[in-house]
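Listed after this line are the structures, all set down as structure tokens.
After this come two complexes, each holding chain A, first together with chain B and then together with chain C.
Up next is the complex of A and B:
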């Protein structure tokens, strides 16, 4: 596997700024002028949100691996991938590699568990999905409001492979969660979903690049988000259909709610198509909570705050409902509900 | 008892209600009839506290409370229920969840004990049966994909479960065929009680064949311009609202 991660926390020269088109809305350089001091060791405290679903685990605490960093899945397995940050004003990087053998089935439960304050975290994942393998990846990201984090996943899906991911983010001072995904061979199926729920001055950036390199692949993407207060949500979704990737079916949707006049949503959907026989569609909407629905709910006795939370949940829950694995879906649902 | 005194309500800068005075004693059903644009729906929204409907003058007293000082949800907990002319669709919130959330929010506000799920389901099963509603429909998001008749039945079902003491029915007959009208009216009539007041807002007399009012009031130009017994509705049906409309000036172009 070739590493394609360019950010190096020990080298400030490697931090992208808004001059780089792909980082236009998430100017890392602005918030991070110098390389942070390395984080000290940290303890692994609580068992993490997905503990009850069992399986194997890859755990990083302030970038240091507690055990293995690589995992090869065969048969039917569950892997919990935990990036734990507990630092104050320092930085750390962690990298995991996961390969899923042909025909295997993996439930990948990833959590970014942040404590402390003002830390900088850079997490990377390389994930290979072999022919006919099936992966469900669910990512819960919770970090302090003054943390900075960049997470990158490079995913390669081989012939007939199935890859589904759902990222659930609540933002930080600057939070970027990037997925670079290749339909490396024919007939792969990809679902690349996500949602964000942002309060205060939090920022999150869900960026994805999905490349269809061979024919008959499908991609379905549904991203939903809510920005309150002065928060800022960014969605950059690019789907590239390369020459010869005929029969591609790609659908992208991003729908967001702005819950305050000072909140901001930046969306940049891109479809780049070099093949002829393809079906591609994208939809992008940004709106506000339906005032007549709010009044209707209040008229029936539901206080305004509760009505807003209920409508927000109803808006976002569609993404959760698409999580294939029931156990993971219910954990995600409770996790989200607790944060509304 | 509902006491509305000299109520003025504006929407934006536009005055809609201009000194409306009306008393509805508990146990009575009063019909509000009037031409289009008279302010009928505004009255319903003003009583229930819809944002944007600003009371600029006058007072509304309900069961001894200054209704205008309360938030919409507080008014609901005090027993105010507005049945919408066009009930709102709420995608993503199942009807059952919605009604239970509303019921328990009202009970919390009144300091009563909440209703647990099994007891609630039992109540809903009984109430939906009386309204000839398919119970499975209640598992779907509220009003989404419901027909006009189903939405109105859903409103009546909510009334039956929330047990309000002041019912305001805004054009409940609109969009209903004759069978649905009968079922909905029977549902409303079943809710008549000595401690409940009802305000039935309607353009047509038809609904009053099914829901018999004690009093009929004509709302025109933002005020009550005539009041009478049920025979007033029949008279309006025969003669129309013309004589209550502002006179057209002779010779005006």
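Up next is the complex of A and C:
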């Protein structure tokens, strides 16, 4: 169950359905019965939200690499990883590989920039964080309401490595953002945050599997989300502590707001533990905006809509505040505020 | 030296399960294996009405078409369903009228287990001691039910389900399978086809059952499966507290126990269902033990109805059990309090489902898991809120305690919220016994095992308090016994 699904866009047989436990809430087969036709080439267009932060870039336009697909970071570097989709009813896959050398520091700014409609995108990222290296990954995902996308990141963190990620998603017809991460050696530190803000009939599925294979690793995860209208937010988080991974400290929190009568939140935070000297905890709440806070604000002359937006922002912004890099944090904050 | 230690360990393991004795009772069996004729045989043995036989046969047909579920986090040798006896009953005269007619050897067994079957004995006990009516199920049949007359005075029906099928066929027909449908799952379908006995309870409107009701299950014969079926109906405004206990002899084969419990709570009714499950867990090497594949479900059909499940799971080699509540009535509430203790090679995959369908329904889940030895324990639960259920409230707390380096403990909660006004909270923690606390307790003169038992009892205290008095004492002892040999 914990093995990744090998999705191949050219083979409809490889699409998981809700019969596969890990895809219970994101039935790819339901929306994608046949393999899509391959997407045509697309232009790169506008420079993307993180342009001002500079650095190197890996760019895919409809799955085709514009330049390199692999990157090796050493010293202190910034890499913008852009998946650009501009297609109508067709599909494309892209794969990037990033290795971060021992002791290096990488700021990885990933954007999924979708235009067109009803496309199918499948993106994979392989990321190796060597001993003592430090990676901050910020992912902004914006896609059309009728698009289908599956993004996978396979991350391996070596001894003493630090890996922080923040995923910010606004959903699509079916959107799955999966992170498979392993604490490959002792003393790694991982932060795997995310937030989703969904309108209309959008769906997003933030899935993560964090495996502690060696001792003294720490994982901290904070996911927050808001589902409005008839949207559906899914969080599946799994923390596995293998035998011998003593001294593990893992915390996971998922908190969601259902902001309409017909929205839906599905959450499955799992702890699978085979070592005894560990501290593991998860918290999971689903609720609605505090009526008394709303009342208070309205009483002070703030219109109801604005009061809701403010409270929603205050709820979500905690995730943004945890982004370590100031420049990336400010871009993410503006990006989110513009979509509230 | 190693050999000496091995012997000590072996003896300790033998002493651990106090209910593991076997009894030589003259029994009659149905032929080995399962087919439509066996289903007919059981139905005929019970003198059931025609519709019941058809119901069973339909269940058998469904079962044939189903596949054994594999999603639970348990591993076990597959059960050969054709190699089991589906019916084993102590030989006795037709329907004993009183205890005197029951095989004294059977009475001896229950005495050994500490279950009072003689009403006068119960009455002669300490003044003010709680009185409990008992239905004793031995392998496939109910051997005796106590306090039937006294209960009948207030209109409470408490009898073996086989008897209820003859005496109150309409009542049974109306509710049987209405909570757990025949084709609900593989084991429920199997149970529907071959169940031989179990308890039937009906509490009339407005009646508060004057005493606790209990069923005591005992598997005795080897190579038999036990399939009991319990049906509890709490009519409007009634209350009942029901207890269930189970034990089995130590055998080096795995025995199957696939029960179904159905509870129906109508308007303002309240049912409290407590289980102390102590089936034989297998020996220290994981050989033998009961496969406990049970479907328990309550239907809070009426407004303001309430069902509370409390379970202490210390036995069985493999447990697969999710006592659930369907909260259909407005303002109804469901509770689940669980202690699951696994040691040796035991595996438990247990939890609950709270299905919120009605408005302002509430549920509360407190699950405590303790794993020791080489065992594996999983909490698997679902809280689901349907679109029309407004004002739903749920609180879930799952705590796991690991003792030793070779055990595992897992938490898999599902939350599915489809209404904006729901308020759901879940929290889970996994830790090990604190060295500081152990040290402190030992410093005060407790042995290591006593210290562990004390701390674990503290850890599970929230749930213990929900148990009826007479069960709580037994359960507390069980916790200590189950963990024997888990440290050092």
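We take it that the second predicted complex is superposed on the first by the 335 of 340 C-alpha atoms of A that agree within 3 Å, B and C clash if a C-alpha of one lies under 4 Å from a C-alpha of the other, contacts with A are read in each partner's own complex, and residues count from 1 in each chain.
One rule holds in what follows: a residue touches a chain if its C-beta (ideal position, glycine included) is under 8 Å from a C-beta of that chain, and two chains touch if they have at least 3 such contacts.
Treat the numbers as computed from the prediction; the structure is a model and nothing was measured.
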Chain B and chain C placed together on chain A: clash or fit? fit
Exercise for review: Examine A:287 and indicate which partner it touches, taking first as chain B and second as chain C; both and neither are also allowed.
Suggested key: second
Which partner does A:310 contact after superposing on A: first (chain B), second (chain C), both, neither? first
- Touching A:267 in the superposition: chain B (first), chain C (second), both, neither? second
Winner on chain A touched-residue count between chain B and chain C: chain C
One more residue to check, A:318. First (chain B), second (chain C), both or neither? first
Next item on the list: Please work out whether A:300 is in contact with chain B alone, chain C alone, both, or neither, and reply first, second, both or neither.
Entry: first
Here the angle between the directions from the C-alpha centre of chain A to those of chain B and chain C, rounded in steps of 10 degrees, is 80
Smallest Cα to Cα distance in angstrom from chain B to chain C after superposition equals 15
Both partners, chain B and chain C, contact chain A at residues none
Within their complex, chain C touches chain A through residues 71, 387, 400, 402-432
Residue positions on chain A within touch of chain B in the complex are 290-293, 295-304, 306-307, 310-311, 313-315, 317-318
Chain B residues touching chain A in their complex are 48-51, 71-73, 75-77, 80-82, 84, 87-93, 98-99, 101-103, 105-106, 109, 141, 158, 162
As the complex stands, chain A meets chain C at residues 21, 243, 256, 258-288
